[in-house]
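Notes to accompany the following structure.
Note that the chains take the letters A, B, C and D in the order they are written out, and that residue 1 is the start of every chain.
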Amino acid sequence: MSQKAKDFFEQYKAGKISRRDLMLGAGKLGISAATANFMLNAASTQALAADFDWKKFKGAKLHLLLNKHPYADAMIADLDNFKALTGMEATYDIFPEDVYFDKVTAALSSKSSQYDAFMTGAYMTWTYGPAGWVDDLGAYIKDPAKTNPKYAWDDVLPGLRASTAWNGVPGGALGSADAKQWCIPWAYELNSIAYNRKMYDKAGVQPPMNMPDLVEKAAKLTKDLGGPYGIGVRGSRSWATIHPGFLSGYANYGQKDLTVGADGKLKAAMNTAGSKAYHKLFIEMVQNSGPKNWSTYTWYQVGTDLGAGASATIYDADVLGYFMDGGDNKEKGNLGFHAFAPNPEAKAPTPNIWIWSLAMNSFGTQKDAAWYFMQWASSTEHDLFGATKTDFVNPVRASVANDEAFKTRLNKSYAGYVDQLAASSPGAKIYFTPQPLFFDVTTLWAETLQKMVAKEVPVDEGLDQLAATIDKQLKDAGLG
Amino acid sequence: MTAETIQAPRRRRKTKLLPYLLSLPALLVCVGILIPFVTAVYYSMLRFRLNLPAMKGFIWFDNYINFLSDSEFWNTVRVSLLYTGLTVGVELVFGLAIAMLLQKQTRFNNLASILLLLPLMTAPALAALMWKLMTNPNFGVLSYLVQLAGVSDFKWASAPSTALFTVVLVDVWVYTPFIMILLLAGLRSLPRQPFEAAALDGVPRRFVFFRITLPMLAPYMITATLFRLLDSIQQFDIIYSMTQGGPGNTLLVFQVRSYLEFYQYTNVAKSAALLVILWAITYALSNIFIKQWLKLRERARGSA
Amino acid sequence: MEHTSRLERIIRIVLVALILIFFLFPIFWIFLMSFQTNEDILRIPPSPFFTPTISNYQALITGKLVSAAGTLDIPFMRNLWNSVLLSSVSVVIALILGVPAAYAFARFKFRLGEDIAFTLLSFRFAPPLLVLLPLSLYFQEIGLTDTYAGLIWVYQLIALPLILWIVRGYFEDISPDIEYAYRIGGHSWWRTFTRIAVPLAGPGIAAAGLLAFIFCWNNFVFALILASADKQPVTVGSLAFVTASGIQYGQIAAAIVLSVTPTLAIALYAQRYLVEGLSLGAVKG
Amino acid sequence: MAQVEIRNIHKGFKSGAVLSDISLTAETGEIVVVFGPSGAGKTVLLRLIAGVEEPDEGAIFLQGRDVADAPPEARGLGMAFQNFALFPHMSAYDNIASALTARERSPAIIKAKVDNVAKLLKISHVMQHAPRELSNGQKQRTALARALVADPRILLLDDPLRNVDAKLRYEMRLELPSLLKASGSTVLYVTQDYKEAMALGDKIAVLLEGGFVQIATPTEVYRAPATLGVARLFGDPTINVIPAEPSLRDGRSVFDLGGVSLSLPARYAAVAGKSCMLGIRPESIIVEEAPSAESFPVEVVAITPLNEKSVLLLRTYDGREILAAEAGVEQSSRRIGAACARLDADAVLVFDAASGRRIAPVQS
């Protein structure tokens, strides 16, 4: 590398130039993004290499299935370090989220061995696990021959470890003693409020304190701003609509999706009075101040609108607000972050979480090598690299979350993000009842929400119908 | 006369085998497809969810019987038929009107008919994406134009009341040219005499249209209609790319629904049963279609 | 027709103009969008006036998308190449298989001939998912997962019936005497097929091949289910323009433009064949 | 050795039998005309010989070889089709040369042969034209040239003059015999024009309803047709047919025409008392101004010129209409109105009314 290039990296390390400028500059000097990242993280890679035979599977070729996501981008940026560390090859297929999980299902249901490991969410393993498509990773973690002594599994936040472990019994508690570790937490998102500070100042409102307050303020923002709408939430006919802000608020009101009877049978619980009251608030909010084509909204649109100044608030993954506050977004630097407890009586937020995790394909032919990759990708070193150098915010490891460099970096450019994270994370966990019909239940739920928002069916009636339909499906599947 | 003349001539074996040799490779390539078909029929008689392997079992026709009392299923039937009826109906009327406008062979009309081919050449999935961009409530040009026209709350594919309209619109945009091309070919091949005679006799044009044009064009219209019916009842690309079946269950047509059953709920049996029913419908339709088509072909060949 | 009044002529012209606007405006608008930056696109109200940029195309063609997270690789050109490869190889194979079969059905009356023809035609109307979903469960076992060969095989479902459908009609229109004349001249069956029948059915074969190419190119569901990322065509790949910093609308538009350009170009260049193929394929056979 | 020998051929299609029990031989250099009305199975017969159809029963021998197993390309034939069957995508030259390219490798020889036959058929100037640029006559000559160019031992010509205009047909009818004779080939020539058949054939095989009813020289077919059907097909205007049941008087058969008893020569005696059809060729009826012994009165109803003849429509007193033909068209003397007619009794043909077979005069 030329002296000029070295200087360039030194400048970056000294904090004189931004990461974006570094990448652009590196590109001009003929250094690829991957090489640049390699340079940046080479030191930590060397540290990782001590005391463990990383080269055991030298020459193996891993193939990964990834979702188009900033986290995946961040991992790809560091992939050369993995290759250097282990001497393995790693290639990947990357799909947008619209089709990603269908692709995973397609690959796994056909017992395909083409992918060794893949990105997943915890919910999906409730299908993959019982279907026998993914391996219990507990066995690998506990095996000193396979796992680096410095791996520090306990460093991973306990809530995340528990949320990705399930005993496979429908309705069984996550993280129970007999639970199997279906996947390894890799990065997570908790659901919270992000808002446009400029717009809030213009309309003269403060960040919302609770759900009724949010409904009111969103309406006021919609009215006063004349253009942007008040609140962005997802609305597509999918589980994805239920799990972010919606379920976080629902849980904050003490509501459950399903109840588990003494006999282990599951029963829908969306038709309680408390649930109906919450639904009414949420629906009123979407009707009055949500996006016009809410029913097709995925997180991509929710985020884009916030970044483009088309919406004033979002109640969605906290990292979404984070991404919109940077990059080349129009509203870059204008966003604020705010922990949110929707129930006026609740003491603290109860954000439902989405855990991007790594799972191992049971049909893979080189599982030990794949485990090496998973270990590396969830290692403290990679986590720290991601958290400090790329957009791997919301680190899954306590040591990284408490890292001063990480906190300083975020605080400097993303006002309130760290505070939000600190206030939200204690209550953050999965609030769904784990069971194989997760997608049936949540899709039906989203469908019912859409109908209720469109005023095709009144809330009370809609939820009674929903509960009845779900009960029937549970019964048909032998679960209810 | 010698004895050998009485024996029947030896067949040229090669000639007899030739047609089979020629058509068999094509058939073999496609027969591989029959295996999954049979599998699907078998799956449709199972209780079979990939994520509940323990409860897999053979249940004969229970999946089908369950459909009878399943309002979601009837909704799928209703939506599929509605979508098919609307798209085919609108495209037929629209296609006929355009074909009649362009009937005269002028340079302008020919150019117009070629330009009208372009939507047909656009992948339906991409066409849906185009319309999705154009109907985006924030920057979509159509949303803007509709707003200018004074309709402030038009939500296109996002509202149950207008979602069907929107996907039908896209389908119409893509496939009307197809019907137009067929009917234009039909119109231009009609004999001139009846029209000339009618013009000489001063027969009103409405009468000419209903009593001469339509009946003579009928075979072409039936063929075009059946062709579209078969495609339309199996619509997937446009609906899946626009709304994935939403909002609510407004657009859960057969193929979208079975796709979701398979990939989201891993309910293989239900997905297969839905597809078998769809197949039965299309098989019945395609039988009518192929018969009609053969008849028309005979006629076309006879007059050629 | 001679008695059209002036008013009627004007009405006709206006109607045709409206129709052209309806059918061409979306293509035109997406074309404009593809030359706009995301900021231009997100402007309210939308406007046809902007400073054109080729950055969207640049990003797609170089495969490098510069964003906050660094330079991302976007495999769009690879998708485009996949489309070219899948569609053209599928059509070539379908022609190799389909043209002789179409000839057999057109020329020979043989036992089961009509049944075989009907079976092949009926594939044209089978719900694609009925075949694809069970097939996806088998693909691993037969080693076709994530191979071009597997996709091309399934693409035969689109291309083969179409080619049989159209080409058969063209063969039937050739007088058998012409072929007999050549054979009597001392030429073998095969030579006659290649030198006489195929050249004479040439326009039909061209039309069928082009249509099959377009239908393969435009296919979505086959690749959606069976193709991995590095084998997928543009119809599926175009869904992929969502990145860390939001949705790149300009790039989606540019991707659409690049994806539909080949089929539109074929349509304009070979429209005579296409119109003939479409109308004969449906009507005359 | 017969060049072409067909033995007991049967051929049927779904719609029914087309040919039944057909046998025919053609010697070297012989021109055999297969004559019959359309739909008689003539073309099928040629196709069977050419090998593009296969017989259900029977055998075909070409140059003494059973060709049941031989595909068309192995039969060494030349064939010209009624609709010409030119290859639309090849020039006239290539069309003709196509009959050589399979067997002859040397382009020089091919060129020489094509040029030669083109010159012979006077189409040298259109060799580079595509078939669609040729006139019908040029197409017909090209098709013929293609059949001839390889000097096939056996030449099959399927009504080659059918689709050309009258003038050309007339010219070709004059040209063809010498051309075909010069080729030395055995020719099977299909036509439904009796004049063509008469002009070209060494032998005419009359095909009616799937079977040969007569195979004989042109003169014989005309003078002594085997059946009434054959008699009707040859001759223009067609033969007059008069149903009669002759009686025997003075050892002669006598029948009644136009109120007059007419007696036939002695060799017709055998037909007396049988239900017959009398065939009288128009040129065997002589119209006269003045009555004579054997004449009967007629009224000339119409006079029409036909080719180089005049055709007179006569009406007898009992209302029967018969045709007479006279050589020459400038019969100014002939008037509409009353006249007398008499028969050339030696030329009368007598057919059995039931079977249509000729029963007199008996062939010697």
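The working rule: a residue touches a chain if its C-beta (ideal position, glycine included) is under 8 Å from a C-beta of that chain, and two chains touch if they have at least 3 such contacts.
Here the structure is a predicted model, which is why all the values come from computation and not from measurement.
Engineer: Starting at chain A, find the fewest moves between touching chains needed to arrive at chain D.
Structural biologist: Shortest path length, in steps: 2.
Engineer: Average the CA atoms of each chain to get its centre, and name the chain whose centre is farthest from that of chain D.
Structural biologist: Of all the other chains, the one whose centre lies farthest from chain D is A.
Engineer: Would you say A-B or C-D is joined by more C-beta pairs in contact?
Structural biologist: A-B
Engineer: Chain B to chain D: how many Å between their CA centres?
Structural biologist: Inter-chain centre distance comes to 57 Å.
Engineer: Need the CA-centroid distance for the pair chain A / chain B, whole Å please.
Structural biologist: Going by mean C-alpha positions, chain A sits 40 Å from chain B.
Engineer: Whole-Å distance, chain B centre to chain C centre, using C-alpha means?
Structural biologist: 16
Engineer: For chain B, write out the residues touching at least two other chains, lowest number first.
Structural biologist: In chain B, residues 138, 259, 262 touch at least two other chains, as defined above.
Engineer: Which residue numbers or ranges of chain A touch two or more of the other chains?
Structural biologist: Chain A, residues with two or more chain partners: 102, 106, 109, 308, 310.
Engineer: Counting only residues that touch at least 2 other chains, which ones in chain D make the list?
Structural biologist: Residues 71 of chain D each touch two or more of the other chains.
Engineer: Which bits of chain C are touching chain B when the two form their complex?
Structural biologist: 1-3, 12, 15-16, 19-20, 22-24, 26-27, 29-30, 33, 41-46, 97-98, 100-101, 103-105, 107-108, 110, 113, 116-135, 137-138, 153, 156-157, 160, 164, 169, 172-173, 189, 214, 217-221, 234-236, 238-239, 249, 252-253, 256, 259-260, 263-264, 266-268, 271, 274-275, 278-279, 282-285
Engineer: Report the residues of chain D in contact with chain C in the complex, numbered from low to high.
Structural biologist: 47, 50-52, 71-73, 75-79, 81, 83, 85-89, 98-103, 146, 150
Engineer: Which part of chain A faces chain B closely enough to touch in the complex?
Structural biologist: Listed in rising order, the residues of chain A that touch chain B are 101-102, 105-106, 109, 126-128, 130-132, 235-239, 291-296, 305, 308, 310, 436-437, 439-440, 443, 447-448, 450-451, 454, 456, 476-478.
Engineer: Which residues of chain A touch chain C in their complex?
Structural biologist: Going through chain A, the ones touching chain C are 19-20, 23-24, 27, 32-33, 36-37, 68-70, 73-74, 77, 92-99, 102-103, 106-107, 109-114, 227, 300-301, 303-304, 307-308, 310, 323-324, 326-330, 363, 390-391.
Engineer: State the interface residues of chain B toward chain A in the complex, per the touch definition above.
Structural biologist: These residues of chain B touch chain A: 49-53, 55, 66, 135-138, 143, 153, 155-161, 242-249, 259-260, 262-267.
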